[in-house]
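Chains here go by letter, A, B and C, matching the order in which they are written, and residues are numbered from 1 within each.
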Amino acid sequence: MARKPKSNFELILNGLFNENPIFRLALSMCPAVGISTTLMNGFLLGLAVLFVQVASSCTISLLKNYIHPKIRIPTYTLVIATWVTTIDLILSAFFPTAYKAMGIFIRLIVTFSIILMRLEVFAAKNPLIPSFWDGFGMGLGFMFGMMTLGFIRELLGAGSLFGHQVLPVKPLLFFILPVAGFFCVGFMMAVFNYVEYLFKKAKEKKIRG
Amino acid sequence: MSRAKGVAVFVLIALFIAISNAYAGGSRFITKASFLKKDKIIIHFAGAVDKKIAEDINNYYVYERTDPDIPLKIKNASLSEDGKTLILTFAEELNQHSPHVVVIKKLVSAGRNLGAAIFTVRKSYVGFLLSILIGAMLVHNFVFTKYLGLCVFFGTSKRKATAIGMGITFTIVMVCSAMISWFLYHYVLKPLNLQFFQVVIFIGIVSLIVQAVDIILRKINPFLFKAFGIYLMLVLANCVILAVPLLIVVNGYNAIEAFVFSLGAGLGYFLALFLMSSVREKLELANVPPSYQGLSIAFITAGLFGLAFMGFSGMSIF
Amino acid sequence: MRDFPRIIIGLTVACVASAFIMGAVFMFTIKAKKHNEYMEFKEAMYRALGYTHKNPAPKTLQFHEIYRYILHEPNKDYMGYMIPLKNGKYCFVALSFEGNFLYKKDLNITEEEAREKTAREKALVAVLDPSVKFFYANKIIIAINNGKRVAYLLPRGFAGFKTTIKVLLALDADYTIKGLEILEQEEDPGLGGEIVKDYFKNQFKGLTYRQISQLKVIKKPLPEEYRKILEQEEEFTEEEIRKIREKYQDSHIYALTGATITSTCVTNGVKNIVKKFAYRIKVLDRIIKAQHINAVI
């Protein structure tokens, strides 16, 4: 590729904004809708995905020369599944309350296309350190997205943050209902679209004037 | 093609009759027994029975199958005019979700002592299966109520044609992989105490099936492959394909229930895709603000559908 | 096709490596997991009995478990209890479904060991006839203080609106409810999920056996002053609490707003648990007395 390799910091920013998995790439939305009901949930699942993403990216980056191209998808899936099972076992043993809050979504991390995509697109073609940061950036982007949603929904739905009551009343029960996840993600996407539109306009202005 | 269809229909009907009869249970003189209202059991006999013996409440011992040592208190036993129908009224409401076993210590009909009878009363098993099906399709619709399989959902719901293609492919792969996963779990993983392998095994099964169907379709029916091939790879990225075997394990379903559950899940997904694509096709002609165009308005639409589907919650027909 | 062997080897190596890693993590975490589960359960037991930081349990409080089994022999079915004895080990008592004593066998297993399902099964297989098949039903935990029965703790599960709800019910010696703890539930947050809140759970506290046997759910809003004492929001005197409870607490549970089905499931679940338990413990106590079993309970 003739593109200049991105600096590590740029990789992280990329994961957070330009290619934010939830709001821009529209991948791995199931948990975004389903369990972003509290800030804590969003934080914990984000952390779990971060772990799996980074671990898988590093593993594949290290093994990229030994994987036969014809079986790369099953191999990637196997690596992801192994790390997912690992974190599932660790969480259920050492953080049982958090584990119960996340329910089935931990094991479903395996189907997050975002992780598979990052392995295919980046980790399989890049050395260890950049793969680590790319994975980190993506995981961070996911966590950021989940926490934003969790923040909005918990604050407006239960009037609390991280379980501590912040508002004196519960504004709108609606936001805690899983359905609201759809609406919130939809609005956040509109916000991101608008922000991108503003950036584009500013860039065009710079070029023209 | 039509002969195969005929055979399939015949087999299905035979299965249906077999299932509903296999659970009619018990001694031959009892033709039918079922729950009636909240606190009664109604029993139908093949012939008229002796009134005095039939209306003696000490002649009966009824218990919930899970608690054979706790007899339920019978308030009253009344026989119909023609002596063929008996209604047992209990002191308290019956827990109809649990099968009840009825023991009749002595049955006398037309002067002949027929001995004891023991049979099970339960809500129709076919009804139970249907409730699992409707549950997976509507009440717990995987897209609108459980929020799984969304990535693929939004990707393939732009046009009706894509939606239908994805729906059919998904349902078929769903049922096949769920059944194979069930067998593997019950006969390999559980006995060997290797349950934590579930994730890897289930996703492995799906990958294998997707790959196999891909190869088979390519060779056997290229036209079908052209139509559905693309969707096969997407099935792998669908959360639901992993969620269903995991849920089957959690709920402890047996083989028939697992089949019905996965069928319901697939059909529910198909329904969701169809509804969504119909709306999105119309949305393309509508005046959507620029920031909301594309996925944003699609999500909001899905939210509205989700609200609508909430109306199904708590629905239980059987 | 030349690549075939390479592919097979590659896949096999990957599978084996993955299995190895997962197996290692499993071995590493299983002990911690079991310990965590046990600690959580113990905390739930203390909460259900009404002990808190301010009001801790007496040091002499002990817990003993009774395990119930259903047994199948070729031509008859019956029930059996594993009863803890004063010597620290267990004895197995078999009785017919009608409540008649069948036989008794001593088991070589301590109370600590008996908490593991596999250890119990091993001990049973050692003394029972090979043709007997047994199935674990449930267990009763009895809290003993200074040789007297203080409470019964019943961990039970029943069908909720969405999935099974697991609870821990604490009864005192005459079957009045001491406390109800919800161990596991997956109801809708904000609706059925509110069963874990004090204003629902604590409605069960203090219900007598008579009230429980006629327990029903009523769809009326929870009176404000009742809610206040349930949530222990303000400081009330004992007399005030007693008066408010007398006014509002009887054979009815105020349903949760928007979660009538869940409320009914929990109410009926609790009612069935208490009814079945009261029946069985009477039968068991009768047999323990008649057979002069040297039970620690």
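Note that a contact is a pair of C-beta atoms (placed from the backbone, for glycine too) under 8 Å apart; a residue touches a chain by one contact, two chains touch by 3 or more.
All values derive from a computational prediction rather than experimental measurement.
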| item | value |
| --- | --- |
| Chain nearest the global centroid, as defined over all protein CA atoms shown | B |
| Chain whose Cα centroid lies at the greatest distance from that of chain C | A |
| Computed distance of Cα centres, chain B from chain A, in Å | 34 |
| Centre-of-Cα separation between chain C and chain A, whole angstrom | 39 |
| Inter-centroid spacing, chain C versus chain B (mean Cα positions, whole Å) | 29 |
| Set of chain B residues in contact with two or more other chains | 196-197, 200, 250 |
| Where chain A touches two or more other chains at once, by residue number | 74, 78, 81-82, 85, 89, 177 |
| Residues of chain C whose C-beta touches two or more other chains | 18, 22, 26, 188 |
| Complex contact set, residues of chain A against chain C | 37, 66-68, 70-71, 74-75, 78-79, 81-82, 85-86, 89-90, 92-94, 96, 100, 103, 157-158, 173, 176-177 |
| Chain A-facing residues of chain B, complex | 145-151, 154, 196-200, 203-204, 207, 211, 236-239, 241-243, 246-247, 250, 289-300, 302-303, 306-307, 310 |
| Interface residues, chain C side, partner chain B - complex | 18-19, 22, 26, 70, 77, 79, 97-99, 159, 161, 163, 188, 261, 268, 272, 276, 279-280, 283 |
| For the chain B and chain C complex, residues of the former touching the latter | 63, 67-70, 95, 97, 196-197, 200, 250-251, 313-314 |
| Chain C - residues contacting chain A, complex | 3, 6-7, 10-11, 14-15, 18, 21-22, 25-26, 29-30, 32-33, 36-37, 40, 184, 186, 188-190 |
